[in-house]
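Okay, so subunit A shows up in both of these, paired with subunit B first and subunit C after.
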Partner chain A sequence: MAEITLKDIRLSEYTLENLEGVGQLREEMLQAPVQICVERAWYITQYMKEHNREEMEAHPLLYRARAVYNYLSHKKPVIPDKNLLAGTTGAYLKTAPVYPEYIGLTIWSELDTISGRDKNPQLLTREDAEKLNFDIYPYWIDRDVLASTKKEYGNIMPVRLLEKMIFYVSGKAGCISHTVPDFKRVLAEGLESIIREADEKAVSAKPEEREFYQAVSLALKGLIRYAENLSREAQRQAMAETDRERREQLLKMAEVCSRVPAKPAGSFREAVNCIWLCLIGIHAENINMAISPGRLDQVLYPYYKRDMDSGKLTVKEALELTACLWIKTGDNVDLVPQVSEELFGGAGTAPAVTVGGIDEKGRDAVNDLTYIMLKVTELLKMREPNMNARYCAGVNSREYRNRVCEVIASTKAVPALYNDLENIKTLVNQGTMEEHARDYAVIGCVELACAGRSYDASSSIILNLAAALEMALYNGKRYVTGDEQFGPKTGEPSKMKDFDEFLEAFKTQTAWLIAQAVDLNEKMAAVHQRMLPTPLLSALFEGPMDKGRDLVFGGAVYNSSGATHVGFADVVDSLNAVKKLVFEDQYCTFEELLYAVRSDFEHRDTLLAYARNKPLKYGTWEESEKGCSRELIRFLYETYQGYTNYRGGKYRPAYWTMTNHSGQGKITHALPNGRRAHQPFASGITPVSEAASDLTECFRSVGALCSLYIPGGEALNIKFTAIRSREEAVLLGDFVEAYFRSGGQQVQFNIMSHEMLRDAKAHPEKYPGLLVRVSGYSAYFNDLNDSMKEELITRTEYGIQDGRMVPDYA
Partner chain B sequence: MRDLLETELSALEQFDMDALDREIMDYGVTNALTQENLQAKYDPVRKAMEKKLLNCISGHTLENILDILLTLMGLVLRLDSHYRRNIENFNAIYVFTDKAGDFYSAAVFGDNKLTVTGRKVENPTFTLIFKDNRSLIKLLFSGAPDILNAMLNQEVDFDGNINYMSKFAYMALHLVLGLTGGIVFAQDTADL
Partner chain C sequence: MRRTPLIFDISMGRLEDGEGIRTVVFYKGCPLRCQWCHNPESHSFTHDFLWDRGKCLGCQGCARACPRGLITVDGAGLHLKRENCDACGRCSAACPGNALLLVGKAYSVEELLEILLRDRCFYQVSGGGVTFSGGEPLAWPAYVGETARGLRAEGIPVTVETGGYFEYEAFRKLVLPFVDCVLYDLKLMDEQEHIRYTGVSNRRILENFRRLAGQRPAVKLVPRTPLIPGITDRSENLEEIRRFLAGFTDPTDHVLLPYNSDGERKRALLAGRPGTAWS
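Now for the complex of A and B:
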């Protein structure tokens, strides 16, 4: 348990102006165009091209490590700004790296236009476009994950469903990533120590284990080579630099990179830079999707404390270095084709940082660095890193809780809050040792990980629950795909005698869809094992070095696969609507309801009003007691837990949606709850907009879902009109505490009114850098598509004083 | 509406891809002078086809869009060595058909050239099933092929590896953007 030594936990004396260069670095990063960088794709592909395919398939670990080594050792050392930390993800200040093994080929048809598109252009040079078109993409055309899966298994139903994109998204086509590595060992011992261990173990290991250790050794050497190259570049630039202060900075950078990550971190600065260099290394091997730094206030604290105690570091310097790291985490974005931009645009890479909570022994883990990180978050108001604060009622102080709420009020969006009591209980229920569960961190959006111990592949499946509902309504078909039969024939709803029969049909369709998604995930996992092992990432975990086994083969201490759901609230409300309208009140026949849904409630105003207002609504207490929400949560939990993944772990249901609730909503027809065609779904586990007029009731209702059934994590979005004072921030803290005591796992806020958001939509120039919480991660409002903006605008808004819904008169 | 010049019309009427292939066989495409001569000789045909393609895309005429596109693509692949790099060592068969099965065309890429046939081919690499010419134009030439929306609107369906569609769409769009000045790149790396 650390003592809080800061006299002022708000660190009020520090501003962007008096932190050296931080304001300028922030502006430069925010303003920097996104440059598509082909450097990684080029070196990886060149290496693969030079080697025989059969040989590579026989030794995937070694060849993957050699390809990564080839890239890292050739990677251009770039120092694009005056950030105190060395290293860049790509060759530019802000980069979209190309990962042709995954979804890098999706921009092929847009090579000539992506630089000039209206929304969020990603800049590509002619030279790089030609490299992609002539040299890189042709090699991968039959070799990326999806192509390899289709080649091996044929055009099977799970693949067909994926390619329709209206049933589920299979994360493994684009990534595994989504994890929290362990940086404690590399900080304490340096990569050379891990390399030594790998080399020693390789000597006496069994052949398959030997290859793993050899691969680890080689991949880590690549990262050290990159750091050495950076060191030389910093030295070179220092020699040419005339400004004394900048020269000193560059020389310091050169010195840091000559030590870390090869050797143990000797200072706070070295520790911070070491973590950043490791993240670059991980991204050389793994796509930049939700690789999360984890509990940085815990991991970095020993280095902070040692330097503070010895007088080598000041609070101001710690703030500056932390700010530099925060800014660096936003130096890369995903490569996004136009169609994804329109459906899901605005998403960052969601590198999640977690602070606060309790430590492995159950003691208060909040320390001075926690407050420093909160302060930096408050000052920067940037999308990256995705900031999360854990809170353990009864252990963490109210001062800490309230300070987190002040930062939320100040940034209007971050950090998200996590309930330690429920989350630890949930992880323990999944077989995690309690002390490991206490050390959980957030992956990407909201998913729970035992930092550096669990490999959770938390984005394996994103399943559209409304697809299953539609298949129950249309006897195995979906509205948008017409007569094509996908799911089992569960019968015409008009002939069903009671609601239970319909509910059973819905469960059958859901279970079928889950079976398809799981099957595809397992098949793609086999492709990953053959093509894309992760020796570098594995070296930064507990487990693989002991077992001699890569993460993708189950090397981690704990394993699981995550399956998140889109449309939960709309589907619950729709089930309740069918029950009420057709069977309880017999307001209409099922045929009449279906006719209205098919016609998008055109000329069915009365029925629409009845469907929207009479049935039970998820988000109210009555629904919790008598509606379908709890049954659905439990059903999904039991269905997923019935599957064991290729690494020996369980599938974990979750409820976060990023921007998928908007994208999937756009391509989904009307539903029985009165949601019109092509409208966004409610986000994450949040009730449908304006369904829950009382916030306390809403919290009780969501809390009652039972966290044990949500082991993958949840995102609850709540919007307050405004928080105008510290006293109101305390009220926010009280709301959160009450929610957590009722069983909630996570909550995130937008502090902004309907009016303000409408104004921001109409006048984007007035709101540059407006940060909003989407569903699990943060985004810049101006980057979002119109549908997503509308979803944010129309979210239920509450007043902080009474927790009552504020009507949206527009 | 882009009108064809008389010379272009006449060249188009007389154009025979097999004859061009024979010329290439006789002289060899690697000979720079021959390449230049061929380009000059077939320039009116190329221009005529380009105009016809642009007319299709702008909605003035929709008929035979695929024939025009594939013929133009085949011609440019034969005349333009830079564009021909697109199909170096590229062997693939694309089938384009409509839902009713009334239309059928196969584009066979192999031996560094494109051959188009109306005969049924076995085991195509990629099959694109489209509703009508308008759907095809929307898919290929909107600037960013949105196959998802096209599928949802029942305008197209496909069978095969979607990467092949991306490659074909790039090649088709590149031809058009080259004519309309729609290609946009970032400045050279050095200037960034």
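Now for the complex of A and C:
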């Protein structure tokens, strides 16, 4: 527990202008074009091509480590701007690295067009395009995760469903990621200490464990080589530098990289740079999706405190170094093919930083660094890192709570808020030790991890619940795929006697779809184990070094797989609509309802109005008492928890959607709740737009879902028109606190009006860098596609002056 | 007259009408007829119907649903024979577009308390509570008093908004002991003007205010004046109100409320009173 020594927790005297160079670094990073970088793909592929496939498959750990070593030790040391921290994810200021092991091949047909496309172009040089086309992609054509899975298991149903894109997304095709590493050990001891341990253990270990330790040792040495190369490069540039101040910065950088990450961090600056270099190392091995730095205000605090106490560091310097790290975390984005751009565009890589909350012993963990990180977030207003603030009512101070709300008011979007009481209870219920649960951090969007201890692969499955609903409506088929039979034949709804029979059919289809997604996840996991072990990431975790086992083999202290859901609110409302229209009111027959849904409610205005206005709506008290929401949450929880994954952990349901609610909505036909074809679904765990006119009722209905059944995390989006004063920020805090008391786990805000967002859509040039919350992470409004923009515009909006829903007159 | 009042709205998560996050209960029925009233559906003590022509899909659902066949919808509008209507509400339940709304619902005190306690943690966190508004809540001293007593027992603060036209003794005995704050509207000081714009004399209102201000132990009393352009916002009127208040309360407590124009829209929806055609 730390004492707050800052006289002003708002740090009001600091601005973007008076922090050295930060404003310029921010501007440069925001303006920088995304450049596709093939360096990693080149060195990894080159190594693999030189070696015999059978041999590699027999010793995947060693070969993976050698490939990663090959890349890291050759990786070009680049110093692209005046950031105080050394190291870049790719060879440019802002890069999209290529991971051909995963979905990197999806841009193969776009090599000529990707640089010039209208929306979010990613620049590729002629030379690099040729490397991809002739040297890199041909090797992977039958070797990436999906191709390997198909080769091994054939074109099985779970694969067919994945390739249709309208049932579920399988995270494993695209990543080993979505996790929070442990930086405490590397900071305190340095990588050399971990290497020593690995080398010692390798001597006496059993053969399969020996390979793991050898792999760890080699991969970590690769990262040290990279740091050494950076150090030499900084030294070289310093010699040629005429500006005295800049030369000193470069010399300092050279000195830092000659020490970390090999040796223990001796200062706050070294600690911050060490974490950044480790993230680069992790991304050399694993794709840049939601590798989350975790509780940096806790991890970095001892180094901050020591330097402050000894007078080596000032608050201003701490702000500058933190800002440098924040800007660096946005130096990489995902490689995005056109089709993903249309459906899911605008996504960042969601590196989640978590601040505040309580410590392992249950004491207030908020410290000076927490406020420094909040201040940097407030000043930068950038998409990365994805900022999350934990709040433990009764332990954390009201000043802290209100300060977080002020930052939300001024960034209009971040941080997201997390309820310690519910989240810790939920993790303990999943078998986590209480003190480990108290040390939770957010992964990527909103998922919960015991930082550095649990490997949760939290985006293993993204399941479209509307797919299961449609299969219940169409006897195992989907509207858009016509006569193709997918799910079991659960019967023609028109012959069903009561609502329970339909609900059973829906549950059968849901359980079937989950079984397919889980089956595919397990099969792809086996491919990962054969191809893509993670010795470098494993070394930065608690568990693998003790067990002698890689993360993908279950090395972490805790294990789970996450499955998130798209379309929750629309499906709940649709179930309620079927119940009301067909069975309770007998307003129409099931056949008539289905006919209307099939024809997208064309010429069925009254039925459409009835379906939209009369049934119970998720987000209201009555629904949570008598509707289907709580039953569905519980059903999904019980279904997933029935599965144990390849690492011995349980599957955990979650409710966050990134931009998938817009993307999946676009390819899903009309639903019984009156949602028209191709419209976006409601996001995350959020009620359908304008279903909940009373904000407190909305909060209570989400809280009533019971957090124990949502172990994977949830994203609730709430939009307020404007917050204009500190007093209003306190009211925001009050709403959040009461919502947390009623059982809520998470909430995130957009502070913007219908009019302002419409104006931003019409005149993007007036709103450069407008930050918005999508579902779980932030995005720049201008990067989003039109459908996602519309979803944001039409979200329920409340006024903080009166608490009323603001009507959308457009 | 009814034994239990009708309530036309229970609105949760409100930040106006008192401290913190509140639930506001709107009672139907008011002895005043202020010309500018922004809740015209609160005037009558009995049920009302609001009909929004723009939302009507012309499906005749309401006409079919009425068990007594009192409704017809045609090009001229919706016609309802109110004299035989017992406000069963089937018409409004059957209206797909929510164009036809039955306004006014009776709750037992227990039912109402259950609803008001739902937001308990929002009140606790923010220092909020329940506000009784209307219409004129103090037209129902026994009912409002019993509800307020139930809330007091749960530690939830109660605010009453009143136009001041009520039976003081009944209020003092039944309601006052359980109320934390009274928001008291003073509109016009000139009696003739008051009669002209609100339909009643202001004598009783001013007398009740005097008595309430002198009440010991004192209850928090906040005088308010809605600023109606050209009517209540004239400087002579405001000056006179201030002079009147100077005798009782700290004049800085006087709250001036901006004009709420929502009444115009709602008057159009109420349009013809029941029994005649809306068109």
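The rule is simple: the second predicted complex is superposed on the first by the 809 of 810 C-alpha atoms of A that agree within 3 Å, B and C clash if a C-alpha of one lies under 4 Å from a C-alpha of the other, contacts with A are read in each partner's own complex, and residues count from 1 in each chain.
What we mean here is this: a residue touches a chain if its C-beta (ideal position, glycine included) is under 8 Å from a C-beta of that chain, and two chains touch if they have at least 3 such contacts.
This is a predicted model, so every value here is computed, not measured.
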**Request:** Put subunit B and subunit C onto subunit A via the superposition and say whether they clash or fit.
**Result:** fit
**Request:** Going by the touch definition up top, name the partner, subunit B or subunit C, that contacts more of subunit A.
**Result:** B
**Prompt:** Is A:607 in contact with subunit B, with subunit C, with both, or with neither (first, second, both, neither)?
**Reply:** second
**Message:** For A:115 in the superposed arrangement: first (subunit B), second (subunit C), both or neither?
**Reply:** first
**Asked** Touching A:482, do we find subunit B (first), subunit C (second), both, or neither?
**Response** first
**Message:** Looking at A:638 after the superposition, I want to know if it touches subunit B, subunit C, both of them or none. Which is it: first, second, both, neither?
**Reply:** neither
**Request:** For the superposed three-chain arrangement, provide the angle subunit B-subunit A-subunit C between C-alpha centres, rounded in steps of 10 degrees.
**Result:** 120
**Prompt:** So, A:200: does it touch subunit B (first), subunit C (second), both, or neither?
**Reply:** neither
**Message:** One more residue to check, A:8. First (subunit B), second (subunit C), both or neither?
**Reply:** neither
**Request:** Using the superposition on chain A described above, determine whether A:309 touches subunit B (first), subunit C (second), both, or neither.
**Result:** neither
**Message:** I'd like to know which partner A:399 touches here: subunit B for first, subunit C for second, both or neither.
**Reply:** neither
**Message:** After overlaying the two complexes, what is the shortest C-alpha distance between subunit B and subunit C, in Å?
**Reply:** 33
**Fill in**
Overlap of the subunit B and subunit C interfaces on subunit A comprises residues none
**Message:** Give the list of subunit C residues in touch with subunit A in this complex.
**Reply:** 11-16, 20-21, 57, 59, 61, 93, 96-98, 118-119, 121-122, 124-126
**Asked** Which residues of subunit A touch subunit B in the complex?
**Response** 33, 35, 91-92, 105-106, 108-117, 123-129, 133-134, 137-138, 140-142, 144, 146-147, 150-151, 155, 163-166, 337-339, 342-343, 480-482, 667
**Prompt:** Along subunit A, where are the residues that touch subunit C in the complex?
**Reply:** 605-607, 609-610, 613-614, 621, 694-697, 699-700, 731, 734-735, 737-738, 741-742, 798, 800-804
**Message:** Help me check something: in the complex, which residues belonging to subunit B touch subunit A?
**Reply:** 85-86, 88-90, 143-149, 151-152, 154, 159, 161-167, 169-170, 173-174, 177, 182-189, 192
